[in-house]
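Structure provided below as structure tokens; questions to follow.
Chains here go by letter, A, B, C and D, matching the order in which they are written, and residues are numbered from 1 within each.
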Amino acid sequence: METKKLLMIPGPTPVSRSIQDQMGRETVAFSDANFVNDFNYCLKELKKIVKSDGEIFVISGSGTLAMEMSLANVLRKGDNLLIISHGYFGDRFVDIAKNKGINVDVLSSEWGKTVPIDLIRETLKKKPYRAITVTHVDTSTGVKADIKSIGDMLKEFPEIIYIVDGVCATAGEEEYMDDMNIHILFTASQKAFGVAPGLLILWANEKALRARESIGTIGEYFVDFNNWLPIMHEPSKYFATPSVNLIWALKESIRLINEEGIENRFKRHELFARAYQKALEELGFRILAEEGYRANTLSNVLYPEGVEDELFRTSLATEGVQVAAGLGTFKGKMFRIGHMGNIDKHDLISSIASIERTLYKFNIDKLSIGLNIIQRELVK
Amino acid sequence: METKKLLMIPGPTPVSRSIQDQMGRETVAFSDANFVNDFNYCLKELKKIVKSDGEIFVISGSGTLAMEMSLANVLRKGDNLLIISHGYFGDRFVDIAKNKGINVDVLSSEWGKTVPIDLIRETLKKKPYRAITVTHVDTSTGVKADIKSIGDMLKEFPEIIYIVDGVCATAGEEEYMDDMNIHILFTASQKAFGVAPGLLILWANEKALRARESIGTIGEYFVDFNNWLPIMHEPSKYFATPSVNLIWALKESIRLINEEGIENRFKRHELFARAYQKALEELGFRILAEEGYRANTLSNVLYPEGVEDELFRTSLATEGVQVAAGLGTFKGKMFRIGHMGNIDKHDLISSIASIERTLYKFNIDKLSIGLNIIQRELVK
Amino acid sequence: METKKLLMIPGPTPVSRSIQDQMGRETVAFSDANFVNDFNYCLKELKKIVKSDGEIFVISGSGTLAMEMSLANVLRKGDNLLIISHGYFGDRFVDIAKNKGINVDVLSSEWGKTVPIDLIRETLKKKPYRAITVTHVDTSTGVKADIKSIGDMLKEFPEIIYIVDGVCATAGEEEYMDDMNIHILFTASQKAFGVAPGLLILWANEKALRARESIGTIGEYFVDFNNWLPIMHEPSKYFATPSVNLIWALKESIRLINEEGIENRFKRHELFARAYQKALEELGFRILAEEGYRANTLSNVLYPEGVEDELFRTSLATEGVQVAAGLGTFKGKMFRIGHMGNIDKHDLISSIASIERTLYKFNIDKLSIGLNIIQRELVK
Amino acid sequence: METKKLLMIPGPTPVSRSIQDQMGRETVAFSDANFVNDFNYCLKELKKIVKSDGEIFVISGSGTLAMEMSLANVLRKGDNLLIISHGYFGDRFVDIAKNKGINVDVLSSEWGKTVPIDLIRETLKKKPYRAITVTHVDTSTGVKADIKSIGDMLKEFPEIIYIVDGVCATAGEEEYMDDMNIHILFTASQKAFGVAPGLLILWANEKALRARESIGTIGEYFVDFNNWLPIMHEPSKYFATPSVNLIWALKESIRLINEEGIENRFKRHELFARAYQKALEELGFRILAEEGYRANTLSNVLYPEGVEDELFRTSLATEGVQVAAGLGTFKGKMFRIGHMGNIDKHDLISSIASIERTLYKFNIDKLSIGLNIIQRELVK
């Protein structure tokens, strides 16, 4: 019998059976009273999860569309935007913004490192920036930005809209909009929420809405806050047919989050991340992200000598774990393993065990060394 | 026991169990070899369904995003666009285009009627238009445009891009891109494909792609053809995570379409539409759309004297059929009933029977009169 | 598209989606605390449904095993048993009993008719009978026995155990153990409960249990009351592994019954039966069971001239309804249609409509005549 | 998030999702042509799995009913039966047989040990036995009988029917009817087949059928070979409604078995059993069954000093593994862990890891010691 292949990529993450069952239900009308209730529940609870009393948008689409939405609603052509990039998804903001004719400045770190806050502050002083984007966790590097400290620092710049890309973070890493002075936050369904891909979630607070007002008509129709606000206030209204089944799935995901407690969820992600990362290091791998800036949601893992990337990932899949390839210059030198969403101790244990057995095929006998780390972390 | 409520609105339409089951599967990586095959199958078969040898895009989103995509890739700010509007969704094109700074001219018919082709031709002669949009079936009116004749006429204007909104039509009404001289066609998953909402499908032929090339960089990032083309040519590549489960559902929908045969499917839609419309007229309702221009996918139905809209629709739901309310000036005077996608004789019979029983509550005894029509159409 | 084939045979009956979902759940241990609760719920509610304060048994098996169980626990070899037979399933009791060496007397009616109560009374006076069996509804004939009147009459014979076979009746026809003086009642999951086949349900009151005591050790081990009583009192105990998923399905079925109300359920069955039978007669068929003794759960329907059985049933299946063939001497002359369990108005309408369209293929044009009857019954 | 509770009891065993999906399908008629095909497929393939060219019976019920069936069809009241008992389920044969008035002799081993073949041979020589029963794997002890050697020895007694109880063995332990001279073999769906409980499977070869013939009418109606043979030869016929959904589930289970290959399946069970048992011993537990007679399908595991049974099993469940309690005199001293059916490396690893973490709560720090054994067995 083939070993079940665990979906340990940085999204989509494993979808729990109870969430799957919601996706497989008979579809109803978007105006169905029960569905409207379910949608409202999602909207209300999603605000609580990030401690926001602003607006929320749940829309068919992907994280990339959310990135575009975050820019399109607050920046005009010619506005200045500072992008903090810790990898591929930071850079993607550059593309999106440039295509829109926004003036872009980028502060990029070396992959694995972060941009120092002081440098951000200095840069912001040089020009009147309208907004800044920070990718909370960049999937390409596994680097986690210190969004709280950046938020604190940004209090010195009350004109600037602080946009946080939470795609690989929200519901797995601590993110509290008001506490952290974030004005726009967004994520996608298939990451730490553990739903299939197809939904974007975006929160915008009052300052962001005022920015939207100030820029007048925008060309981006589908992601225009103004088109969606009436619907998000009253989901029985129509703007575009919502993805009924994915919203049910999201509701079940939120129920699971509430059952666990968001704080407990963050702690679990932290515990699991530490266990994974310690175990992987003990097995001879190197974590790309520098210590202190490692994500709790995924790890980007550099191979030891003598381990060939593609062969490793294929063998690992046979042993029962699917991971993702490295991106950019790290393609071939690294794999990326997700450890976010609705995964449990079994998934953690099974994935490290599979990695050990795969290493063994490369004549690296570290059997049970990683598992020992994991077990000791789990019993702490 | 409550009577099962049939979802006879003009989308989402009833989702077959085998399609639901695909939505409820365990999600896999977008790069999973089997999924890539499934996605490729969809892309290949979708081109056959509309007889197109151009490009195809299957993207998370909704019909409205597809509308925006169709304009954003071929029109620049200041370009002239002629919009043929037979209702609410025709008018929506106006909003989208205007927000983008496109010069819009609109030919609107009275609701229920169509814009004469000659008038279109005359209008096109007045200015250099870059594109024209036609809503194949406008859900708000149930009017079907003669997209083939318009396509023929447009051969006189070889510079113009012909954009057809197939949201409420594709896979239910005859639509053949090449035969009908259509350059861009799009639809959404929750209509005649019978999948849950959350996907848009857009076809663009070579002429449309050349138009895209000619306009250079565009501000709309997520719907930019150029970002998606590499993915649609090779779905194992990444641009934005596809909605894995909805694509599986779409695949099953396509399998059902192929099993039936697209021509047979069109005939079934025609037969059912005729049966519905005749039966409804015999029951004392009036069909909004003028004869010769009635959609096969839905009917917009005006109440006889003495039937109060909201009460009627609520009673009808109790009898087991959910229909949609009228839009615009017809709100309160009309209901809209979908009859597209994967519905069968039982659904047809059950919905007319339910309507008869509901009328009876309004002291209109036409019991079995509509059913007689239906039965006679079905045995023809 | 093929028309969905409605499962209108006299069992299995259509299984509601919410019941199917229970069957498809991940199986747990029989001793799982939640499952034990669920099982207990079933046992408790099942007693209420038939107003019994005796014992209840829910066991993997079929109706035939329940028949055997009902005899094996109260009759010894050589005991006298009177069997009232209104068809095939009455006769099956004869086989079961004879194989066990029980002395069997049978009162059989002509198929379609019933055995008069006076004849039963006279017969019982002739010998000391230990038990009498009556098939509430015999699936082979659609005849419903007057189990209440028989129960009343049996008060004259306080020694006799009154065994009622409720396989094609329980939860669809009125059956109240205590009110009707019934001592053993049984049914199977796939009939009016609307669960997939695989479970038998048997109720035994105090008199039946005393009879069990009185006969000492019995050879039939699996159906021995004594082996199951401890389990039915405390389902966390082990005798044989229960069919976990089917018991969940049964629980959902009971929930649906309670939601409807058992009295309402009986009324629905009665209304539907009258509608079916009137409509079928109006279409030219004849109901086998004599008036006053027609089941509410199924109808056995004799063809009019010129309708060939197998061709009719095959055509009907194409039109979307599966019915069962006649049994015994009525094979080829009759079909059997179930109308019990979780069916609704749509199923009723659709099945008569399909029958009309099938008759039309036999050049019998009665289109909408049956539907008119149905509609008028439904609006009463 | 709670850790998923793995169902590691000796039945029901984990039901694979693809098997669950079959249980959750819409039920059809037993005479439905596709279902008849599916049933036939099961019957044909089940014969291949045990290399039998005799008869096969697949019936709603449980393993206990199969035990009764195996005796009822070949033994008359007063016949001599030798029962080889290695635990609780061996003893159950005694009860069943005695209730039927069969003369029973029992050879019982101490729990954990086996009855020597020579002793069996000597006993058989003393009386004319009609049959012998051997429990292949007794779930109460985890002892595996040497059914092949017993079968060889039985060639000296050509009159004796050799009945093997394969409930906890078939499809997990080597069992080939013809090669091993077995005349009746049976099992249940919820063990190594990995289907939910509710089906029994019984194979009977020609000698067993002749024995059935020789004893004439039997009192046990539901399990009478003669009633089922016509159905098993042609499943479109009716005797009792088959458990449609469980038979579909069984079909999927057989498909998985064939995909793996039955020999590979045996090897996997052997490898897993060795790994489990070595690891458990290394962790300080003792395996009840003596070496050389340990089942591959489950292990009965004696606690080390200081580990309290109920607390251990409850803690273990929290860590994500459900095991069963000890039976008989071993209640409180032992737990029973199943490792049969459709389990994979992840389940093995996860269950040992969970046991280690649970021991740790009892202040026994053997973290990763068991895992090391497992890993080394798995990479062999």
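In this section, contacts are C-beta pairs under 8 Å (C-beta built on N, C-alpha and C of every residue); 3 or more make two chains touch, one makes a residue touch a chain.
Here is each chain with its UniProt name: A, B, C, D = Alanine--glyoxylate aminotransferase family protein.
Here the structure is a predicted model, which is why all the values come from computation and not from measurement.
**Q** From subunit B, how many touching-chain steps at minimum until you land on subunit D?
**A** The least step count works out to 1.
**Q** Per the definition at the top, count C-beta pairs in contact and tell me whether A-B or A-C has more.
**A** A-B
**Q** Where the centre means the average of the CA atoms, what chain is farthest from subunit A?
**A** Centre of mass proxy via C-alpha means gives C as farthest from subunit A.
**Q** Taking each chain's centre as the mean position of its Cα atoms, how many Å separate subunit A from subunit B?
**A** 34
**Q** Nearest whole angstrom, what separates the Cα centre of subunit B from the Cα centre of subunit C?
**A** Each chain reduced to its C-alpha mean, subunit B and subunit C end up 47 Å apart.
**Q** Measuring centre to centre with CA averages, how many angstrom lie between subunit A and subunit C?
**A** Comparing mean C-alpha positions, subunit C is 56 Å from subunit A.
**Q** Pull out every residue in subunit C that's touching 2 or more other chains.
**A** Residue numbers touching two or more other chains: 21, 26.
**Q** What does subunit D use to touch subunit C in their complex?
**A** 7, 9, 11-12, 14-15, 20-21, 23-32, 60-65, 67-68, 77, 95-96, 99-101, 188, 190, 196-199, 217-224, 239-246, 322, 324
**Q** Subunit A touches which residues of subunit C in the complex?
**A** For subunit C paired with subunit A, touching residues are 17, 21, 26.
**Q** If you look only at subunit B, which of its residues touch subunit C in the complex?
**A** It comes out as residues 1-4, 6, 256, 260, 265, 268, 319-320, 342-346, 349-350, 353-354, 356-357, 360-361, 367-368, 371-372, 374-376, 378-379.
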